[in-house]
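These notes open a run of structures that come right after.
Paired with chain B in one complex and with chain C in the other, chain A is shared by the two complexes that follow.
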Partner chain A sequence: MERKKASAVDYLLLLPGIGFIVIFIGSSIYITVAQSFGLLSITGKSQFTFRFWEEVFHDKESLDSILFSLKIGLLSSVATLLCAFPMALFLRKSGPGKGLLSTIIKIPQFIPALVAAFLIINLISYHGIVNEVLMALHIIDKPLRMLNDKFGWGVVLIQVWKNIPFVLLILQGSLASIRDDTVDAAKNLGAGAFSILMRIYIPLAMPGILISMILMFIKAFGDFSITSVAGPAYPPSIALRMRNTATLFQEWDKAAVLGVVIIVITLLITWLYSRLADFVTGDEK
Partner chain B sequence: MNKNRRVLNRILTIFFIVVQIVWVGLPILMAVLWSLVDPDHPWSFPNVFPEYLSWAQWKYVFNYTNILRALKTSYLLAPCAVLLSLLLSLPTAYVLGRKNVKGKKFFQTLVLLPIIMPGMVVALFLSRVFAAFHLTQSFFGLVLAHTLMGIPYMIRVLTASFEAIPQDIIDAAENLGANTWIKIKDILLPMVRPGLLSGIVFVFTASIEEFNLTFIIGTPTFETIPTILYSFLGYNFIRTNASVVALIMMIPNIIMLFVVERLLKSDYLSASLGKL
Partner chain C sequence: MSRLILKNLTKKFDAMMAVDHIDLEVEEGEFVTLLGPSGCGKTTTLRTVAGFYQPDEGEIYFNDRLMNNVPPAKRNSSMCFQSYALFPHMNVFDNIAFGLKMRKVPKVEQKKRVEKVLEMLSLSGMGQRRPGQLSGGQQQRVALARAIVTEPDILLFDEPLSNLDAKLRVQVRVEIKEMQKRLGITSIYVTHDQDEALAISDRIVVMSQGHIEQVGDPQSIYLHPKTSFVAGFIGLANIFEGKIVQRQGPEAMIEAPFGKLRALIGDRPGKVGDAVKLSFRPESMKLGSGGDGSRLRGTILHAIFMGDTTDLFVDIDGTRLRAHADSMTTLRAGDTAEFNVSPNAIQFLE
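Coming up: the complex of A and B.
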């Protein structure tokens, strides 16, 4: 399609949206980075130093938090994908009842994260219905500790419950772009259901799979509120530790170091994604 | 063979619907029950259902907590954020969708920064910027913050909608002598309306849910529904109060889900977020 060449006015028209984002996100990144090196300090004298970086990286507790958040991010994104992908495949072809099904599935998308956390907390608490049912069926003798558990399964479960619709929507979009001809051709050539899945659906939906996993990972990795209500007592998630370091202990410089760590990991993963996406779609230049 | 497949498909559909009703419905049902527990007859082990139901918890929450004020703040903030993000997004999305801008891909990625950037980091250090301009603890500051979190969806969805308008239609209108105003009013805006509406829904729900920035920038002067729920889930965990607040926070969203179901086609979300 013919697109008009952009004029100077057009670049000006970009400003309201782009400028707004750049000013606010840019300034917050700038302050985070500057404070992590001891500049723009609000508590003491401003001076360029690596001291805070050394302190954070010699601190076992900080490292525990980083590892914990990485683990939660990875587990949540993989688990959500595993739940959502079969659903997306099933909903690819329309049929009776599927409209209702996809409406019910989408409900958690509209439930705010904190509410979702609370709803699941109710179920998995010590005398919650899940434990009661499992005990009534004599599968377990005494209630399982699923809430605030050491590993963080409770957090993962909440992330999965809340984010299945989000991932499903993205996957449905990329599955919809696969043409039926391709699938039919494979069937005619004798491909079974499994090889159609492995050689057609998964590879062709790969961009959608990657983007949904990345967005999921970023959400779960940088999460503050869900971990703070359903996560273990120790370690706190990295965002939770950062916020406590800043507002409870007033060590803004150390909090800034943690902030930079979160940003760098997030951007690194996003960059990795875009390389992977280029690779699978053959956009490699 | 074909008939068997259809039957299998039916059975699978029913099976998935049942699974989903339990998976989504049970947590909601439990919250409803908890919110209706009578304070004089506590619901405890081993009762599967509460013995007495009453509205007492609802009355308590409305009479003795800040919920009404939080509701007002939340539902005042969201339309403001929608309006501001709409005004800021329209020109930007128009250019991104219809013109050959240099570095278009770069701008498209840049737009997603507010949702890619970890919320708590942005909240914490943006609050330093806001403090410098006396925007913390102010309503206008919260509007700016909520706009920031919603604007990526708006720009992305609108860009995709502008892109989808066939150039022929615009050319035809130009040939027939349409001026810029007519083109905007009679062609561009009507054709992007579905995208516009789903953008509005996204920004509205994003604003109602926004927690990190509101928590850091707005509390204690301004409480929204999420921050009030957080306070009930925190150190003094009061399940019954939290149930009421959780339900209040959910009801409008679920109504909206059914109203906009038509609009929330998967292609909008994947068009807006499908590629970085």
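Coming up: the complex of A and C.
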């Protein structure tokens, strides 16, 4: 059948979607990049300069913020995957009670991030439920600092709790696309449970695994609300640092640099994802 | 190579009896087909033999070894799936070598054995291709290569040709049969295609509603069906009820709704006045008045040209029968014709 050529009307129909992306997101990125180099400045004279980049990369707090957010992004994405993958495998086949379980697991998805953070605070704060229970059971003598800890474990914990349903949804879709016959064929050829996991489930679900990891990374790396509630006093997350730089210190150009850093790291991780996906699926050029 | 014995094998899914107390013995190197319509229990039987289902009752033996509690990975049976079930993320070589890797066969030996089966199944040079880059027939051959490379005790086929077009199906089934004979692997083949079963099997097990209707070689299943189900399922058959009106020596005269017929009754029980169920094949209803059989006269309802034969639908005293004439026949709907049915073509059914 001859393929119909796209007409001007077809392109016009695409305009609301593509136009939105180009005008609002494209222009925002353009302005952010320009501001990071001193152009289109909203606080002073516009002049091309690398000064703001130099200042940010010589500022310990900014560098610590970038590293902290990278750490939270990577840890959260790996930890969420490690929690969600066994669940997705367990829920792959229907069974008694699994529908209800699947619904319960997905509840955090419908709770806004800030509300989720406060919910978890009730659990893990200095005098929260977990500490009180552990002390009542005489497992610990004094409360553990699980919230606003220096390392950021509290943030990771909330990120994992909040995002398990999101990652689970992606993984369930990936695992559902694996045919039962494929798994049976592996069993029939002598593969045990571990071999089936390593040689069938993980490679075939790899596109979903990588997509969920990258999306999870982006969410945790650029997170503002959870780190502002449960994060350490120092360093702030990159998003928090960016907000402070722009609104507290009125250094919009330096905030733009941090914005560009977020964009570049996100693009870099996306590129790494596509390379890794090609490598795993064997489509390397 | 193993002998397969199923004793009183039973498998239920909730209240549904999928396999209903079946007994079957398959000799070493034998090619046995489980044949029946959808839902008859043939695939469930096969998957229970493979270890994918646990039997509710009964025993499965490979030679003298009870296999009921042996997991699929430890049974040394290989299965060819209807969907081929090739691993899409592996190339042809790795697909075929998978079973060898699981058995920890040394790499040099793996390569030797994979290359041997690739050559045996005309797949040489395709080792680096992905399953998605192969035609249906090639994928089926890879699935077959993957199944035989581990030298299994029992080879299991779950409708392996149903996704192929008609011509390729005939070609691949010949290849399967030749390969099985050459390797001498005990094989269980599941299909709902009677032509496939007749062409490929040493013995056919006809199944219906979870139980075995008849077991026999292709000729005996086709020529001497025991039940109306087997007569009707394998090929075409004119199945009817009649009454014994005379019995003399090995012959009986049967009064059928469309006339009297002579049939070979042998030493089968049945006295004058008893009701009987009978069948004969359309090709046994010979056109013309010659021959030593019973003569029938009817009106042609439809004459359908089939290439090698003409399929005739005949009305005889209100009963519709099927007959085959050669492709050159000039008979058309509305014509009257005489037919002759030999006594030994008529089968008594249970």
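Convention: the second predicted complex is superposed on the first by the 274 of 285 C-alpha atoms of A that agree within 3 Å, B and C clash if a C-alpha of one lies under 4 Å from a C-alpha of the other, contacts with A are read in each partner's own complex, and residues count from 1 in each chain.
Note that in this section a residue touches a chain if its C-beta (ideal position, glycine included) is under 8 Å from a C-beta of that chain, and two chains touch if they have at least 3 such contacts.
Just so you know, these numbers come straight off a predicted model, no measurement behind them.
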Next item on the list: With everything superposed onto chain A, say whether chain B and chain C fit together or clash.
Entry: fit
Note to self: By the touch definition at the top of the document, which applies to A:Leu276: first (chain B), second (chain C), both, or neither?
What the structure shows: neither
Notebook entry, point to check: A:Ile211 contacts which: chain B (first), chain C (second), both, neither?
Noted result: first
Check: Given the touch rule stated above, what does A:Leu14 touch, chain B (first), chain C (second), both, or neither?
Finding: first
Margin query: Which partner chains sit in contact with A:Val78 here, chain B, chain C, both or neither? Use first/second/both/neither.
Written below: neither
Check: Draw lines from the C-alpha centre of chain A to the C-alpha centres of chain B and chain C: what angle do they form, to the nearest 10°?
Finding: 80
Checklist line | Per-residue contact with chain A, leading partner among chain C and chain B | finding: B
Check: Is A:Gly173 contacted by the first partner chain B, the second partner chain C, both or neither?
Finding: first
Notebook entry, point to check: If you stack the two complexes on chain A, which partner ends up touching A:Ile263: first (chain B), second (chain C), both, or neither?
Noted result: first
Margin query: Quick check on the superposed model: minimum Cα to Cα separation from chain B to chain C, whole Å please.
Written below: 5
Notebook entry, point to check: In the superposed view, which residues of chain A touch chain B and also chain C?
Noted result: none
Next item on the list: Quick one: which bits of chain A touch chain C in the complex? Just the residue numbers, please.
Entry: 179, 181-182, 184-192, 195, 199-200, 203-204, 281-282
Next item on the list: Under the touch definition given earlier, write down the residues of chain C that touch chain A in their complex.
Entry: 50-52, 71-75, 77-79, 81-83, 85-89, 91, 98-99, 102-103, 130, 146, 150
Next item on the list: Using the touch definition up top, name the residues of chain A that touch chain B in the complex.
Entry: 1-6, 10-11, 13-18, 20-22, 24-25, 27-29, 31-32, 35, 40, 42, 87, 90, 95-98, 100-101, 103-115, 117-123, 127, 129, 132, 161, 166, 169-170, 172-174, 176, 207-208, 211, 214-215, 218, 221-222, 224-225, 228-229, 239-240, 242-243, 246-247, 255-256, 259, 262-263, 266-267, 270, 273-274, 277
Check: Given the complex with chain A, which residues does chain B contribute to the contact?
Finding: 9-10, 12-14, 16-17, 20-21, 23-28, 30-31, 34, 44-46, 48, 87-89, 91-96, 98-102, 107, 110-111, 113-122, 124-126, 128-129, 144, 147-148, 151-152, 155, 166-167, 205, 208-209, 211-212, 216, 225-226, 229-230, 233-234, 239, 242-243, 246, 249-250, 253-254, 256-258, 261, 264, 266-267, 269-271, 273-276
